[in-house]
Amino acid sequence: MTDLKAVLDSIHKELAPRIGEGKVADYIPELAKVDANQFGLSVVTVDGKAYNVGHADVPFSIQSISKVFMLTLALGKVGEGLWKRVGREPSGSAFNSIVQLEHEQGIPRNPFINAGAIAVTDVVMAGHAPREAIGELLRFVRYLADDESVTIDDRVARSETQTGYRNFALANFMRSYRNLDHPVDHVLGVYFHQCALSMTCEQLAKAGLFLAARGSNPMTGHSVVSPKRARRINALMLTCGHYDGSGDFAYHVGLPGKSGVGGGIFAVAPGIASIAVWSPGLNKVGNSQLGAVALEMLAARTGWSVFGD
Amino acid sequence: MTDLKAVLDSIHKELAPRIGEGKVADYIPELAKVDANQFGLSVVTVDGKAYNVGHADVPFSIQSISKVFMLTLALGKVGEGLWKRVGREPSGSAFNSIVQLEHEQGIPRNPFINAGAIAVTDVVMAGHAPREAIGELLRFVRYLADDESVTIDDRVARSETQTGYRNFALANFMRSYRNLDHPVDHVLGVYFHQCALSMTCEQLAKAGLFLAARGSNPMTGHSVVSPKRARRINALMLTCGHYDGSGDFAYHVGLPGKSGVGGGIFAVAPGIASIAVWSPGLNKVGNSQLGAVALEMLAARTGWSVFGD
Amino acid sequence: MTDLKAVLDSIHKELAPRIGEGKVADYIPELAKVDANQFGLSVVTVDGKAYNVGHADVPFSIQSISKVFMLTLALGKVGEGLWKRVGREPSGSAFNSIVQLEHEQGIPRNPFINAGAIAVTDVVMAGHAPREAIGELLRFVRYLADDESVTIDDRVARSETQTGYRNFALANFMRSYRNLDHPVDHVLGVYFHQCALSMTCEQLAKAGLFLAARGSNPMTGHSVVSPKRARRINALMLTCGHYDGSGDFAYHVGLPGKSGVGGGIFAVAPGIASIAVWSPGLNKVGNSQLGAVALEMLAARTGWSVFGD
Amino acid sequence: MTDLKAVLDSIHKELAPRIGEGKVADYIPELAKVDANQFGLSVVTVDGKAYNVGHADVPFSIQSISKVFMLTLALGKVGEGLWKRVGREPSGSAFNSIVQLEHEQGIPRNPFINAGAIAVTDVVMAGHAPREAIGELLRFVRYLADDESVTIDDRVARSETQTGYRNFALANFMRSYRNLDHPVDHVLGVYFHQCALSMTCEQLAKAGLFLAARGSNPMTGHSVVSPKRARRINALMLTCGHYDGSGDFAYHVGLPGKSGVGGGIFAVAPGIASIAVWSPGLNKVGNSQLGAVALEMLAARTGWSVFGD
């Protein structure tokens, strides 16, 4: 049996001299202010134990990691009917590319690229006003994490609203193909708020634990999704979770995961544990530089890769 | 403990009325002659037991499944240097698309689309004549399967040579970007022969068993690759093994796998078993229709999905 | 010397049985209400004579034909510097395609596709409020046509504002590449109003006469642009004036021209005459069906093709 | 009346200090050997007078300019039926791009990009062996130029055959879509020989004079095509004659034309004259640098632009 605490300590110690590497995202002004010299890692096992190192208790903007929670909500609402609105294939292009949308007539390739996540948001809204949809998501994430202190950072949401031209382009484009039911401003209002969810590594690992544990959170006993749906969400994270770097992540880490431009990465070792790592400096494909390294070390030292030990 | 024999029998029995479904590939004239009413399934576990149902002992043209063996050979020759010649990301397009090659200047997206496999073949040739390279591959696959009766069907190879215009286009295109070292005719000569490997389900499952067993074949004791490389090949199969249907396969089956237009699918349950299924009728994305269904049933009934049980 | 009146009469007579052919544009609700059974043709020669047949005195929505006037204004403001903001090459794609914009980083291919015209509008605005820019354009077109009765149809402008998602996508996309200086809403406000210019065939032919007459309107004596600039605008119309049907128009008609989805087509016979034709029914590439036929007949019977008589 | 001799002399004199500018094409080894310090210009008017300056009597490889003669031959054989095999629209991409071919299923955009010219060659062959087709073209060009000394440079043809991977890719790709009737090697054999036509500026201007003179060569009295077809070929040259630089050529020069990578440009002033210019150094879009400048000067000083004087 792996001594998890020792593994996390060794990773933390080895990476300590490198903390601050990478480049903090600057396209959202509010995110650019984050101190790069931070690193946190949290592992929560399916028997309910949490292991933390570094800044695992510092809240950060989870950004695109929120797409996992929104997908879960959307599947809960419309089930497999969701796949009429969005595909399930890797995109082979950048997170914010619009080319594929034109070639495939407004249907985004998967729920984890921006266009796909915007379509998923539209599904989650289901006729409700933005404020209500945001409230629903926040309640859902707090329920998943069993922690009422999870919040949304309004400044970050506002910052994205003011500069998110590319997302406005994607949303209007889909609307022109009638693949958005709600007004573009409303859908993006919700979308920017979900990206602005502020969570610690430990909260994030707990909130996603159901994906490692057959769809239920063993710490709270809450059943979130069926085992089959949990597997499927994991499959989507593995094939599509890192935009055009998904193949590389699978190759090096071997765990289903989802990254965010805030420097967080969430990952799942099915049947074993839920993992969240955070370090704001990004590598050149836009994922947390140390986060990706830490996960590769973790998978190698624990033998948790889904592709063999 | 799952009773594997019972699981295979139940799958065979349930699918029996559907055998013959799908459409046999007709773009290679020689393949079009295959009788659609065939179905075979073989599972070989890491403790060396083989379970077979149906036509598991009938040789078929493994076609693109051979790309897994060629990739293994190429990594053995040049190691991670291979990735200068070919990428590791899902392509988001058809198996024979040339668009991506132009946008990315002659570097194919991954080793499992046609262009990527042609580049891998060029690497394996390493200055040798086509006949020698074909011989090397055949010896390698016989060694992996521990079975000298594996052959290459020359008629199929010839049939593809005469009609494979698209592959000639891909190879010439890469050559124009200097991403082929050998003459196009030579590389495609080898490529068409590897696709024409003729194997039974059981031979195929045995030949690929090393990928389920940390890189070594437990039946022969042969060490083929390191555990790390086995994991990485599995990762590539999961993210890229079914062209633009890879996401769907991961979603429904949840196992690393590689399909061929001859109706075969090879899959790996890491640490557990190696699987080969064959049924010539293809679904509309070009994979064996019953083969995909059988694997989904197998994964569901055994809990072998890498994404959770 | 061609008897122009006789030519126009013969065209009108021959086309009379076909009036009503084609399909009125329906993607802008307000345009869909137009009666299809209308056809007008006006030719104004460089010596100032006007020849009209049919509904040449009925105002219609000139739509994309306005791009010619906006281009003229923009060149007047920033000269050849305009070409930093927009290209001069045919696009090889649909009028509202966004693919090229991503491949060429926010620089539209030419001023006559939607994205290019939106960039041109941004240049014309030059820091002014939408109302002022709209006023400037209206004054300019009235000046060109020497006719104060030219108006903008607010209902059409409003109708487009409410449904023009694709244009909002294009504008936001360009803004994300910093190729728009003004707020998207402002630029599109102006853009939709220019498209809603309502003119008769005769007004339109007069307004564009300067392009046939070395840059000056011989009827008013107004100098609009230099002879060189007139030639260049004509060149752009010939290569780019009909989106992805520009080659076909040059092949069949052989005159620089610009079509609009309202069923109008403006054309120039350099040194000879300015031409406007209108019939609301569109052919399958989105140009006026009878308008294109009428222009082909006119060019054939007059020998006005720029490619030889 | 313009003093043509004076105009040509002035152009020659002004450009003399710049002769040698640009970069000689090096992708065909045999072409790379050409001395850059050459410049020739020939104008032949429809009344049969020839005006030459510089190296107008030095043969050079006309390369893609031959596409105009092959198009003329193909239209003569199959008439408008040709347009089932190739389009008539500008491509919006590089001369050797394959992307469009995949998106439009093997139908090249126009006869002047490589893929389109290869399809045209296939049409011209009409079941004949390569040698016969090459002979037919050579006889046709000699007939057009009224000069039996026109030859094909076999070394250039051979040089291209050995390095033309991209053209082999295009041809195989079209063959996979059944848009080539003859074997790829045969079609490209003819194609490379037509590109290797060796002509002087004066020969070229004479050979193309029919396009300026309503389809007939006024010097020989030979009727080549109808006036309508001459106009249409001119239209195609104007919209598509310079690959993705066609818009720019129309903008600056304003004449139908076709460039070749050997440094030649052929142009037509309809009803007035036929023009050939040659200078081996290419600009960065692959056209003769001084050739384009000379044509711009010629059009400006003569008022021959089709877009107005």
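To keep things simple, chains are lettered A, B, C and D as they appear, and every chain counts its residues starting from 1.
Note that in this section a residue touches a chain if its C-beta (ideal position, glycine included) is under 8 Å from a C-beta of that chain, and two chains touch if they have at least 3 such contacts.
None of the values given here were measured: they were computed from a predicted structure.
Chemist: Which neighbours do chain A and chain C have in common?
Modeler: Under the touch definition, chain A and chain C have no mutual neighbours whatsoever.
Chemist: So which chain is the furthest away from chain A, centre to centre on CA atoms?
Modeler: Using the mean of the C-alpha atoms as each chain's centre, the farthest one from chain A is D.
Chemist: Same or different: at the chain C/chain D interface, is the fraction of residue numbers used by both copies above or below half?
Modeler: Comparing the two copies, chain C and chain D contact each other through largely the same residue numbers, since over half are shared.
Chemist: Please work out the Cα centroid separation of chain C and chain D, and write it as a whole number of Å.
Modeler: One centre to the other, that is 32 Å.
Chemist: Return the distance between the CA-based centres of chain A and chain D, expressed in whole Å.
Modeler: 56
Chemist: Approximately how many whole Å separate the CA-defined centres of chain B and chain D?
Modeler: 47
Chemist: Taking each residue of chain B in turn, which ones touch at least two of the other chains?
Modeler: none
Chemist: Hey, which chains are touching each other here?
Modeler: Pairs flagged as touching, ordered by label: A-B, A-C, B-D, C-D.
Chemist: Can you list the residues on chain D that touch chain C in the complex?
Modeler: Residues 87-93, 100, 109-110, 211-212, 214, 227-228, 230-232, 234-236, 238-240, 244-248, 250-251, 254, 256, 270-271, 300, 305-309.
Chemist: Could you please specify the touching residues of chain D with respect to chain B in the complex?
Modeler: Contact set of chain D toward chain B: 97-99, 102-103, 165-166, 168-173, 175-176, 184.
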